[in-house]
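Two complexes, one shared chain (chain A), two partners (chain B, chain C).
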Partner chain A sequence: MNKTLLGYVPDASFIYLVHPTIKVLFLLVVSLFPMFISAVEWNVGLMVGLMALTVASRVNMRTLKIYIPVAVSMGMIILLSYTVLGGRHPDYQVITRIFGFPLYWERIRDALVVYFRILPMILTMVFFLSTTREREIIAALRAVRTPFVVTYVLAMSMRAAGMVMEDFRIVRQAEQARGFDSKNKPLPYKIRKYVMYMVPLFALSLRRSEEFTNALVARGYSFRSKVKRPDYILSRYRFAWWDGALGVVIAALFALLLVARYRFGRFTVEDSVLLRYLHTILIPGGGA
Partner chain B sequence: MANNGNGRSVWKVEEGERRSVGVIHIVITALLIGVGFVVGAFGSISFPLGFGVNFFWTGIVVQQVGPIWFGAWGVIAGTIFPFFSNAIAGTPFYVSLAYIPANFVQALLPAWAFKKFNCDPRMKSGKDYGVLLLAMVVSSAFGALYSPLVVLRGFGLLTTESLPLFIWGWFGGNVVAGLVFNFILLKALSGVVIKTPAFVKRWWS
Partner chain C sequence: MSSPAIQVTDYSWKYLHSTTRAIKNIELIVQPGECLGLIGSNGSGKTTLCNSIDGLIPGQYHGIKEGRVEVFGTEVEEYRRGELQRTVGLVFSDPEAQFTAMTVEDELVFGMENLGLSISEINRRLEWVCDLADLSPLLDKPPYEISGGQKQRVALAAMLAMQPRVLILDEPTAMLDPVSRERVFAVLARLRKEREITMILIEHSLEHIIPLADRMVLLSNGRKLHEAPTRTFFSDLSLLRQEGIHLPGAVGFSGYLRESGATTDEPAISVEEAAQQARNLRGAAKGELS
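Then we have the complex of A and B:
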């Protein structure tokens, strides 16, 4: 198993055949797709594709459970934002009234468009985080000749995040051992007591910074050196022909999307079969 | 007056004192990004309002206390780490990227105010508390206006009518968390931090 930024992926996963640079390219370009797509069914299709890729990469789907409340709460906020907080619009089509408050078709439609635009963007990020290892990000950055100090800081940051999480667990256990337990306590109490984690966490980080520095200085590290460094990490990854092909496919799909959207007017709200169908259900006999 | 115990400002470089950028500053930047990543993600996952806006964003402590202690290194960390903590909490890549100016101002302003008005990070006088509070409010107000009005509206994620919810959500989430943590952390740890070589008197060293 390989530890990724968000979980574990087996060694045998096909995702490790892909060069890290292509993974980063995938994140950067595919995240843009939903911004140019308003037709809900296409964004749903993109989500299905991303989920299929995640499953095919043998990602442990249980680690992704934390995103369910995020997706639900985001959906609720968007729905509230577009309906209850959406104001009154006499020119809009009323679906029904709840406690005298009109529920407009245009607002529901816009909420669905926005929600199904944001979900694939999140899924792209989750797919990337679930399948990418720390060192792959470093390899991708080095492959595009990012300065050594930037990649080094990033690598240290990712390591530091792991250490901080471990420190956080230790501090929490130490406080529980002294009888402090925030379980079943009200939120204000938990927030107040959270300070008790923060101070030791910062103090530990300060101590670690000195340990880190001493270790680096003892090994003769210098961030100002002009000496060309051997990129060992890059020797671990080979840019194969299929990486080039994947890069071309991703770029071509994006170009096609832009042409379809701006040359032929596709992927728009008016172009959405699903929204048209929903409209006929919610407002029978109503104009589009 | 912010002084080091001898009646001198903690920000003043003493005669004969040599201060330069060192490995420790690079390390502290990385560690602050790491701490912010964890602490910020906790706030983003626990109290979400949506699109990386939270009711109680614990990351603000790293974003504002870090730059006061470590100058530009803290500002760099405070600008970068929310990008990662938001990402892990499910904020789309380009939305996180677009928040960078807001995070930069939120990180920069308290540090700038402390240096400009010669405040003591050990919070020894009413002026120190007042300046920090004002800097927190002003910087969070900028973030709260910029992010929903420019970023979320720019991406077409919000209606005009729902903007106040996100503006107040961002502002309140930052200021309340800042009130809970910033003062205590500065009071508890500044005495130790200013004695370490990592403490930054000017902007870089």
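Then we have the complex of A and C:
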């Protein structure tokens, strides 16, 4: 098992054959796909494809369960903001009225379009984080000649997040051991007393900064060094023919999507079979 | 004759905003290939002295320096930035504080990359340190997710991979359990056998430092109180006891025999030697009785 940013993936997964740069390209480009797709069924199809990739990569699907409540609550929020808080539109088609509030077809349609745009974006990110290690992000950035200092600062930021969380846990346990615990206390109290955690955490951060600087100096690192670094990490990831092929496929799909959308007017709301079907159900005999 | 690996001459250091000097008029010479054991209670100036040899002082700290600290004949301040660290490697007591990378493998190669070594040379040295410190199974793991003992072996190996001519270990096992401590010292013992490396070892557990050190130095309140070859160092234990140094059982036992006049043998510095002294005494007693 290898630890990825969101979980663990078995050593045997095909995902390790893919160069990190292609993974980052996948994230950046595929997460843009839904922006150009309004037809719900296509975004659902994209989600199915992403789920299939996640399963094929041997990601433990149980770890993804935690996103279900998030997805459901996000859907509810979007639906409520588009319908109940969506305002009055005399020219829209009314499906029904709830306590006097009109429920418009257009607002439900828009809510569905937005929701099914966001879901594949999140799923793309979840797929990327579930199958990518911190080190691969650094390797991807180095592969495209990002300056070492930039990638290093990014890497250290990722690492620092974990360290701060660990320090926070220690500080909290130490304060709990001395009888200070904000658990089960009202939120204003928690916020007020948060400074009790912040002060030692800040002091710890200062100490860590000093130690870290010393470690960098002790390892012979200098921002002004003229030594050419050999970039060992790149020697661990080699571009294979399939990486090139995958890159071309991703770029070609994106190009096709843009052409289909803007040249032939596909993937639009009007083009959506599912929305048309839903419309006929909700407003029998009504025009779209 | 070649110059000493380290020569400290009338060296004093006072941290900014501190009222007293952390190091006071220290004189010290360490020859190439020698292993020096540095002991003393907390606040005695051991870490300050080591940081001074690695150039962290005055490089990273503000204060007042007097005297000279030379590494292979050159004053540490005269080394170009990053140059001294190619010669002197420093391993800190808190391994986590010195990690600079996302995986053990990256951690081990970070210093070598800074030296500008070729990929093939990095791979060669990586193989060597992995074998030396038994780290191969850990290469893919994040360094902050392994055990304390493994962390310290990684920190040590990362420094060894840079192949410094001088290695300073500042309480490398302070945060480790006895088993992990044994493993770190086993690595150091193997290193001493395989390579001629100058070593300064700060450690509170004397039973581990004694088998490695050629010479011992006792610091107290920033001053050098006592310096001698390891065995001679333990010939007078009163000073060590006075300074609160916790003596290993074998050394204490041998010292007791010597102080009580039961033996005039040299101080024993291992369990085996102390046992031999006891056997000798028993034999002598039997001889007297018969």
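Following the convention adopted for this analysis, the second predicted complex is superposed on the first by the 259 of 288 C-alpha atoms of A that agree within 3 Å, B and C clash if a C-alpha of one lies under 4 Å from a C-alpha of the other, contacts with A are read in each partner's own complex, and residues count from 1 in each chain.
In the analysis below, contacts are C-beta pairs under 8 Å (C-beta built on N, C-alpha and C of every residue); 3 or more make two chains touch, one makes a residue touch a chain.
Keep in mind the model is a prediction, meaning the values are calculated, not measured.
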item: Combined model on chain A: chain C and chain B, fit or clash; value: fit
item: Which of chain B and chain C A:191 touches, first, second, both or neither; value: first
item: Partner chain(s) touched by A:268 [first = chain B, second = chain C, both, neither]; value: neither
item: First (chain B), second (chain C), both or neither touched by A:85; value: first
item: Which of chain B and chain C A:159 touches, first, second, both or neither; value: both
item: Chain B versus chain C as contact partner of A:134, first or second or both or neither; value: second
item: First, second, both or neither for A:60, with chain B first and chain C second; value: neither
item: Partner contacting more residues of chain A (chain B vs chain C); value: B
item: Touching partner for A:217 - first (chain B), second (chain C), both, neither; value: both
item: Which superposed partner A:208 touches (first chain B, second chain C, both, neither); value: both
item: Touched partner set for A:74, first chain B, second chain C, both or neither; value: first
item: After superposition on chain A, the shortest CA separation from chain B to chain C (Å); value: 9
item: Doubly contacted residues of chain A, that is, touched by chain B and again by chain C; value: 156, 158-159, 162-163, 208, 210, 212-213, 216-217, 221-222
item: For the chain B and chain A complex, residues of the former touching the latter; value: 22-24, 26-35, 37-39, 45, 48-51, 56, 58, 61, 65, 80-81, 84, 87-95, 155-159, 161-162, 165, 180-181, 184-185, 188-189, 192-193, 196, 198
item: Contact set on chain C toward chain A in their complex; value: 51, 54-56, 59-60, 81-82, 85-86, 89-90, 92, 94, 97-103, 105-106, 109-119, 122, 140-142, 144-145, 158-159, 162
item: Of chain A, residues touching chain C in the complex; value: 2-3, 133-135, 138, 155-156, 158-159, 162-163, 166, 208, 210-222, 224-225, 227-233, 235-236
item: Complex contacts: residues of chain A adjacent to chain B; value: 5-6, 27-28, 31-32, 35, 66-67, 69-71, 73-74, 77-78, 80-82, 85-87, 107, 110, 114, 117-118, 121-122, 124-126, 129, 149, 152-154, 156-165, 168, 191-192, 194-195, 198-199, 201-203, 205-206, 208-210, 212-213, 216-217, 221-223
